[in-house]
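As structure tokens, here come the structures.
Look at the two complexes coming up: chain A is in both, with chain B in one and chain C in the other.
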Partner chain A sequence: MIASARWRAAPARPRPFFLWLFLPSLAAALLFVAALCEVAQYAFRVFTPGSLEAGGFTLENFARLARPIYLSVLADTLLISLATALFTLLLSYPVAYAMVRAKSDFVRSLIMLLAVTPLFTGEIVRTYAWILVLGSNGFVNSVLKAAGLVNAPLTMLYTRFGVIVALVQFSMPVMIIILAAALAHVDRNCERAAANLGAGPAKVFRHVTLPLTLPGIVSGTVVIFAWTMSAFSTPQLVGGGKVLMISNLVYLQGLSSFNFPFAAVLSLLALAVAIGALGSMRPFVSRLERKAAVN
Partner chain B sequence: MKGEASPAVELIKVSKSFDAVQAVRELSLTIRQGELLTLLGPSGCGKTTLLNMLAGFEVPSAGSIVIGGRDVTAVPPYRRNTGMVFQNYALFPHMNVFDNVAFGLRMRKMAKFEMARAVGHALEMVKLEGLASRRIRQLSGGQQQRVALARAIVIEPKVLLLDEPLSALDRNLRGAMQVELRELHERTGLTTLFVTHDQEEALGLSDRIVVMSRGEIQQVATPLELYRLPANGFVASFIGEINRLPPARCRTEGNDVVFEIAGGIVLRARKRNQPTIGAGQETHLFVRPEHLTLVEGDRPAPNRVSCRVTAHLYQGAYTLTRVDAGPLGNLQLRVLGGEVIAAAPIGSQIKISIDLDKAVILAG
Partner chain C sequence: MALRSAAFLAIGAVLLAATPLRAQNTPGQDKLVVDIWGGNFRDGANEAIAKEFTKRTGMQVEFITGGTIDRLTKAKINRDHPESDVTVTTSHVGALYVTEGLFEKLDMAKLPNAKDLFPVAIRSPYHIGLYSYVYTPAFRTDLMPAGYDIKSWKDLWASEVKGKLGLPDFDPSHIIIAAALLAGANAENWKVGIPLLEQLKPSIKAFYQSDATSQDLMKSGETPVQVLLSINAFHQMQQGIPIKIAIPKEGAVVGIDAIGIVHGTKHLDAAYQYLNVALDPEVQAKLCGIYRCGAMNEKAKLDPELAKLPGVFTTPEQWKTQAIVVDDATRAKLLPVWKDWFTENMMQ
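After this line comes the complex of A and B, so read on.
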């Protein structure tokens, strides 16, 4: 076939700057791996209550993970992360779509500004803002009460719901940027072609825009999922100790009980789940793409 | 198919402006049932805009569009039943060849069995049988072009809209595709609007050509008429090579028309039936390079002019020879073969004959 020569992989070319450009990230990676090894070695050592020094080799710390209380924290963490990722996706897609497809430059810039500004306020500041908004006398409850919709204030603070709301808002800017990049790459003529062939707006979205942005959707969701897995201050403050995620447990174990070995095990677990999620992304995307293509 | 009398497409005083730019101005045009009409014009003259309005992607600022007897000015693209082939093909990269071609049929909820047959037939039309399960990325440019065509013709559109479909192909493939497009048109009988800025493509392919410039129609004519009788200076110089002579004053003398050009040059042509050239009127003369000939020695010839050779451009079958003809300015001759390069070297004085009987004469 004529085409075959074109899409066969190009032969390896010498890349003169490759090494130099690669060096800084290599240095950073080495540092990170060193720190990780330091944490990892704690995981295999005996915890002596009341002492900061860890003892000899043991696998006891890993066995401890199986206790229901820790499993429930893990389950909570996964649930909150998944819910956060999905709600972030649902709320961010329309915003990203409006931003990329805005006809006027002004509207586009405005959406961009509103979407991204939260990134520049600190996590703690935003989390406190949510405490004010979600509290018993907070903004939401005041509005609901004034509107006569509720008699007693709703409990939102110190619940999973409150934590998820805060985490979603926290994650949206990143998700919007990832989705906007995916949407900007969709060839408008493909959408026009679909419309030309008889597809109304909903069908154009379903059969063209959505499948073509699928890689962005999956990577955005996975990134937010992995990111939320390691959330600390939001569950700490909005959850107020009643909602525990892995990071909060690590904090409790490491800095309240000084159980460094078990804290290390929990950290490794969180890392493994995050890496697993990122690793499963590629094959998942290509399978989804193939599925979406057929219909 | 409907009666021959009813036109396939009618544009009635259609205008389109984008902010300050007026892309299309009060344009009226009728496309006949089953014809291959070409829209030809320089870059930015509004060809794509016109096509987009026909497909429904742009709404006219004024005027109306009628397709198949129905006013579709306010009808959205997905209810117009036009078949568009985009300049960049715009194939769906996440679908294979079959699903690309079947897309329009799926939207029309055609039964599976019938659909497979229609897609197979369309792929056969564009000579892509056997590639139905290929991914788009695994196709060459020419093959993608064919998929885009198949996708558009399979829905049997009221009008097929082609936006410079061949411009992304290399020269050889383009020639072959032109022939195939013409054959495809003959077989399908689809009313086709073909956009190009390549005049050779337009001349070779079309039943009729619409020449556009700056959002306005300059002339609508068959390729032959367009080349022989351009309606104005723009069309004359846009279609093919042409020499524009300095303005001339004309009068009749017996059976001849005599043109007096500044510098004391007098050229003659046989009187012709063209009401626009009256006595004493200022006229513009346009002469094709093939109507200028070298005159050997003192052989008598009409409209002999002496000039100096300034350049030769060898083209294989013929040579384009440039001469400086004094008051007539720089002219270009088309001489068969390449012998002229040796026979009339650059700098030499030669005599040429200007055949004004085939010239384009426009009133000033």
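After this line comes the complex of A and C, so read on.
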């Protein structure tokens, strides 16, 4: 009764766009769920070679996941995603820092331009560029050979190293934007206070700036990790079939073999692993955030 | 206000749902719709076949394009209201169209030009080969040791090839069939060739995903030896890249792109005329001049420069001695099995 009176007493907040946004959102969500259900039902059906029609109920598609190749691809996907997220963070932080803290407007704009421009070129274009850079006769090997540092070209294409390098470059603009937003929100008075109390620049960075940007670091790392889990074109082209991630396997099974049931199983596995990995990061992330708050 | 907004949304949704995403192929439209790959494939078919068809019949041709699997999926979804009248696809994928009931059974009496075709062109009672090409070993003569040559598929196992070989990831059938033949078996008993295939692993440097990546790997020298599509190699040789295409003594694995009439078409007679025009010797010669492939009509007079290229078969003798042909139903059935085995055992 009291709650009801309170409800009536509270002035209704105007929500002029609620219906305009809610109904399309609901439609999009329903479509997404319907597509997911369609994929899920395929996962439990028999694949018949030479036919596009999936057969009756089976669990065999899931049993196949225990084969070493699929576990190895899963491990590679996680490893590459984690390495990409960490290296992207390490390389992006100094760029974001320089971009936010540069005194000159011109320098700030220039860094911004250089950091964000790659976003406007397609993934395929950027990946092809890396093929030219990392190839046996590519830029890196040509420089190394010209400098007399190597006799035979180093193998960088079709390796995990090559894939991670290309993915890191692909992910950096997004990470830089996230970190720059976090750095821009750091209260400079905190840093000045620490400096006034005798802390040197390195100590100020370690004990003030870095902890205050932890939310940005955490969200950027999680975003890039999740993004890389579904990477397709870069491992496809730079990996050249020698480095496979889950998306590449889904493609091979679905579009080369027409094995939609097993492609569906792999898709569900990728989704479950991504959700599981992000969920398992949560306690670690919370601990970091608590630590940042205490500092 | 909210009610009015909801009403607008509902009306909008109804209008959107009522608007077809793509114009259906209605009987009133006096156009023949041909379903084919885009780019050079569409342009070549337009130049060689469609223009001649329009000249003879007065009927315009419209092309709808897409990838092999996209088109197959669309054909399956639209089986009751087909978007096209004629489909061109790879012959073993054509076998899937046939098993799904997506092609009309052909009345050969309505295809007079079919009598001059090589026997291999009749892929099934439902689809006919339009032109041929081969998947065969080829290598960069400037990047391989002097004296290296490919006379047999077995030469891909030579020590000189170690770490230099490129294979397609989308279709391992060529190397699997070759290994089976080398082991004394055939496509159906392909498992006999598994030990040989496993020995080939150290030679493989990369797997290419498309014609474009095959050409990139060959041009950059990343994989100076490849099992590749002859048409791609011809194109690169024209650009001055020193490539030698081999026809091994066991033969080259033939690929055939085929044509069929879509089941339920409202333009059945016109579709037959289109097929007949496509199989005409002069049209075949023109088409193959554009695609740089082999004609299916034995009477097609190819340009002599084209006719002498390896894998462009112009005589029954060449078909008998240089071609490895696997029937489409077998290939369609075994390809997923081969693909699975290849992914699990040869890749990575």
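Definition applied: the second predicted complex is superposed on the first by the 259 of 295 C-alpha atoms of A that agree within 3 Å, B and C clash if a C-alpha of one lies under 4 Å from a C-alpha of the other, contacts with A are read in each partner's own complex, and residues count from 1 in each chain.
By definition in this document, contacts are C-beta pairs under 8 Å (C-beta built on N, C-alpha and C of every residue); 3 or more make two chains touch, one makes a residue touch a chain.
This one's a predicted model, so the numbers in the text were calculated from it and none came from an experiment.
Peer 1: With the two complexes superposed on chain A, say which partner A:G135 touches: chain B (first), chain C (second), both, or neither.
Peer 2: Second partner only, chain C.
Peer 1: Specify the partner with more touching residues on chain A, choosing between chain B and chain C.
Peer 2: Ranking chain B and chain C by residues of chain A touched puts C first.
Peer 1: Is A:K203 touching the first partner chain B, the second partner chain C, both, or neither of them?
Peer 2: A:K203 sits against chain B, while chain C stays out of touch.
Peer 1: Could you tell me if A:L212 is touching chain B, chain C, both of them or neither one (first, second, both, neither)?
Peer 2: So A:L212 only meets chain B here.
Peer 1: Applying the touch criterion given at the start, work out whether A:C190 contacts chain B, chain C, both or neither, answering first, second, both or neither.
Peer 2: The first partner, chain B, only.
Peer 1: Please work out whether A:I69 is in contact with chain B alone, chain C alone, both, or neither, and reply first, second, both or neither.
Peer 2: A:I69: touches chain C, not chain B.
Peer 1: After superposition on the shared chain, which partner residues are touched by A:S257: those of chain B (first), chain C (second), both, or neither?
Peer 2: second
Peer 1: Which stretch or stretches of chain B touch chain A in the complex?
Peer 2: Per the touch definition, chain B meets chain A at residues 55-57, 76-84, 86, 88, 90-96, 99, 103-104, 107-108, 137-140, 142-143, 151-152, 155.
Peer 1: Would you tell me which residues of chain A are touching chain B in their complex?
Peer 2: 1-3, 6-7, 187, 189-190, 192-200, 203, 207-208, 211-212, 289, 292-294
Peer 1: Which stretch or stretches of chain C touch chain A in the complex?
Peer 2: 1-2, 5-6, 9, 13, 69, 72, 76, 95-96, 99-100, 169-171, 204-209, 213, 216-217, 220-222, 329, 332-337, 339-340, 343-345, 347-348
Peer 1: So in the complex, which bits of chain A are touching chain C?
Peer 2: Going through chain A, the ones touching chain C are 16, 18-20, 23, 27, 47, 49-53, 67, 69, 72-73, 128, 131-132, 135-138, 157-158, 236-237, 240-244, 249, 252-253, 255-259.
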